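The structure appears below as structure tokens.
For clarity, chains are labelled A, B, C and D in written order, and residue numbers in each chain start from 1.
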């Protein structure tokens, strides 16, 4: 008997890599798997799976649930988008517990319960937005500022690299993005006065290969947009995943707010590259172009949305564009080869700017003030990090929106102290930033959420599905014209991608604060969504 | 459905809103203090009371703390509790703890009363509440009264004097979210009144005027409204100054069960 | 407008009591509601609802989930049986958070988040097993030793009475039982050397009306079964709900282990009334009869199961009996008028006793020893507090069992110190007593669980549904011959009550450690079960 | 399905079992210590190491503790952590903490080695592991080897010397649950081998011999078995005494990533 076992085991010596980079590039042709944060490198969250349709979505049923075993922490949220590779689903329970499980039946293969160091700072929740995979290796950022490589087969640590110092407020909450042989991440910490960067690490060794300073240091282009040495703690955090265009070999990434958030007086200038989107050469980290949505931000308007890359007809001609619904309340279309501003239009009520000029620069009319200024949208934004989706079939861009909310933005002088919040003020708003309370007794005009479908050619809202409470959910759209998304009320929905009509809903009893994924095993399509402290997976009866 | 006569109160926003970020003891704003009050009301008031003096030997409003010299010391205590005492650790972020400190620091200077009435007599106030005031038609105090209005059994233990005064003199000045009256009309014309317990995209949860918990399905309603005007009468002209003092002194004495 | 509102509100002055005691007595005729811990006062957990049948159970679908909002504590478990009264479901999230919600849609009406005092001791998990209701009042025991009355309409506290001193290890985890105008509870704390009692409190005022000492004090009958002053810390805890026979006006209750658990040498004698079932006059607390399952227990064999009252044919004649599957591994049938022993038979492997004598007294062959003795069943028992069910239709008694587990029972000298564990030894066993780990890698022969169906006339196992892992789930049986139960693996099952054949299952992703309830609203039947940190409710499509 | 050749090891029980109740520092039993070891292995070993000496200045096996005089002090530290240090609070019951203390107290006296071999040379041991021992056919060390056997990258950081010795000299003496080999036969006769990751009533989760994570559905299997005999060869007669010392010294030196 022993001989048999040993000879079987010997097979293991020749293991093929599970997920080479080619698979990520061609993920659209492989919709059974969900191999990157956004499903495909273009950030579309558009799945070619078509088994679930507007006609049969009502027949979706619960397949399995996995609840977190570790105790939930009061300020944690389950924000991770799951990856699925060959029938194995990888998720990150907050804050940094990696779980590999069978995507069909929900049974756990292994868990890696990383416990962040106590000095980890989390301004806005102990969260993690997910993993990247390359070959047999998973990559996770940690709340205490590390990037960890794990063997996808058994969860063993391969390497562990420090991205930033946790005691100074650097944490890694973003799902990393793999481009070729590199893992791209950067630190969160815009509320601790970090000086941000996007960095590439060798997938094999964890060695840093390049670093792009999102707050340019003296001598670097863009440094002139800072005065008073404010660049030293200028923010420019990274906390939502970018996208990549293999044909252009360009990496796109949205950058966080300027620090201190609400007090712009101490940092005169445009404060590049805060609240901007960058186009970088992923081999070198060199900047190709940038576009700043909110120059000299005073409202905590991070530009940390996923840049969605789409090839659409623009003014009668095919054009490679980027779609970007911004926290500041405007929806933008940019030429992604050049960064040229093509269109900008508010998708919610906006009072801080009186429109955009021809270059897309906002005509600023509102400011944070020591007395407090009432500004639409509230500082949580018209949308936020919650991922959008784009369907090349419908030609519509789907976003989770907070409709017509406002906050009172107060500025304040505040010294920088390492590791302490460095906000320079605050926003008072109706809706809690973190977990919802058990009941909602808000007056309806003070907050509501929606899934909106925008026509990228005009910025017009084609339809919107309105919810009583706001939503932190990401959106998914499929090639059978079904949109999936949820909200804080604990519903997870299927909507008609062409009309917004609700097709199906499940009451999952916890806020949906992550993006859905869809995948297939043995020809059967599943839709999976974290909610509250659990992950729920549905499929047709 | 129709939503009418609703307007936004900036002050209500400050009261209801939860903090995202906070200050660190520098340049505290009234909004910070209001947000600290919100946390205090939800987490501290049950032990420390509205005036911070319910625990023997601990007077939060004094601005002096036996075990804390600095704001940072206070933040440590708020977050980690005091081992060997009933003070538990609290899951507060630094920001939330800072807001709490801002509120604690403000307590000593906040006004206790907005009117200069004569001294009150709780026993007379009790009689007024139960007779002339007709308060128990809507409110409950201990085993008496009904549940359609806010429970007053512990009102003196969870509201400061000035807040109780305001409720009597200007009931609609601030309707707390937990006391929001709701009014709905079913498609067949039936009217429903109650207190809002919860709501979502499809439903309202209410305690109706018959004391029954029920969900209303918006799809079945002709219209509904969350009232901004309190159904409680204004007692400014109903009570004499002496009666008002009596009633207030009685309500302040209601510490109920905690 | 104001006038209208006020006149509507005035109606409130004439509110009728929601749940008078008559409703509890006649609960079997009112199966739309679930008004006591066991559904009916006889402890049968037999529901007359018949909409879900063996034929259509496969069409059960998820209706709603409610996850706990409060952070889960590492040693908490969700053990509460829900009550349902007129479409409102009342549950207790651990440790003492009462939630009232709409039983149809899962939306919360109110929560009462009682926070036990830090001096509360919980030997075996921060748990609560549920509520009682009478009129408009709910009753909850607390981990820090109190009994609290709440207004069922808004969760406001009506009264709060101390049952026992938490600093001495007294806690109340049992779901109270209402008999007439009294609320019956007692303290847990058998691992802290309490001196137990069952007590009745006025439902209206919380005043204690009688107290029966489960460890008789000097001068009380049964005191002679203790030597060496051991009665002072003799245990005899209360932590699972009793039952009541209105016709006999007898209250039945199972009593916990003797303290110290494993060291019997310091307490020579039978140690009444530990590991016994009592029959009491509920008006006075006077003892009518008792039966001790495990005299001089040395294995932590609490008799804290629900006494199930059934009227069956015994030796050709109708007889009022009590069915009792005991932690010690034996199934018992007693005459519930007299306490007469009718039958006792092991339902799992038993090595500590070599059968029972004619009076039902075990023929002891095993003991805890300083070196450690291997004993079947393990100290968690052949079954435990997990509630059984009895169907008068099938005539079968359904129990959750731990099949053929064992532990090494070690005794040790140990002084009593107030508030400290007082176990006099320990049991080493394969299966963790509290939460399961994320994965199960145990050898299959070391533990398995089952739902067993026993024939009360013979004690024979008619069928058993075996699970790979053990189960802490209660059992429910319906008049349409469907059994509901779950297990630690995270499955919740419907089984055929006559054959044990699995009809349907749901993977709820957390251990089932509570009893299911079934109820109906607007003619539709629901089945609800807590699992992990959430409560799941199912109904037919 | 068929389950064969299984027997119960009392010792394994003591190792795998989790404590329900524990003692309070009186009359500690070997079982208590084993249960303490279990907690230590799952919760403490990653920072403190198998011998309790990985944190500079902290030597748990010395039996002396800078900040603790009594067992109760130790329990406090275990439960509440040490503010200002990397020692976090731990969610242990009193019982669990007591078992941990029992284990800590036992560390100083537990044997370090069961054999009297010559001194080992890690570099020679490394060569033996990679060549003559053929260890990397089943094990992984860093980036080398495979994942079918236990990962040895950090073996010196998570196992004491005596445990490593036992694994080499008598591999089946103790198969840890995380290394349980499984063997199954599908109904069509296909053989499957791998490591058990998880199991339930209907399925087995395995890492198969091709390095693939998969569920096996028992309904599709002719039979399956969790092996009690380790597939690892016994090296007692394969290595000379010197070679054994070299290999052990190499394995002990593998502290890997933590």
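Quick note on the criterion: contacts are C-beta pairs under 8 Å (C-beta built on N, C-alpha and C of every residue); 3 or more make two chains touch, one makes a residue touch a chain.
This structure is a prediction, so every number in the text was calculated from the model and none was measured.
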| item | value |
| --- | --- |
| Between A-B and B-C, the pair with more C-beta contacts | A-B |
| Euclidean distance of C-alpha centroids - chain B vs chain D, Å | 56 |
| Intercentroid distance (Cα basis), chain C paired with chain A, Å | 46 |
| Averaged-CA centre spacing for the pair chain C and chain B, given as whole angstrom | 38 |
| Geometric centre distance via CA averages, chain B-chain A, whole Å | 38 |
| For chain B, residues contacting two or more additional chains | 91, 197-198, 200, 205 |
| Shared-contact residues (touching 2 or more other chains) in chain A | 71, 73-74, 105, 108-110, 438-439 |
| Pairwise touch network: line, ring, star, complete, or other | other |
| Touching residues on chain D, where the partner in the complex is chain C | 3, 6, 8, 10, 13-14, 16-24, 26-27, 29, 31-32, 34-35, 91, 93-95, 177-178, 180, 196-201, 205, 226, 228 |
| In the complex, chain A residues that touch chain B | 73-75, 123-124, 191, 261, 300, 370, 372, 374, 379-380, 407-408, 410, 412-415, 417, 420-421, 423, 426-434, 438-446, 466-469, 487, 489, 491 |
| Contact set on chain B toward chain C in their complex | 86, 88, 91, 137-138, 140, 143, 146-149, 151, 153, 181, 183, 191, 193, 197-198, 200, 202-203, 205, 207, 209-215, 227, 229, 231, 256-257 |
| Contact set on chain A toward chain D in their complex | 1-2, 4-6, 8-13, 15, 71, 86-88, 100, 102, 104-105, 107-110, 115, 117-118, 136, 151, 153-154, 156-160 |
| Partner chain A, residues of chain C touching it in the complex | 61-69, 71-74, 99, 105-106, 108-111, 435, 437-439, 490, 506-510, 531-536 |
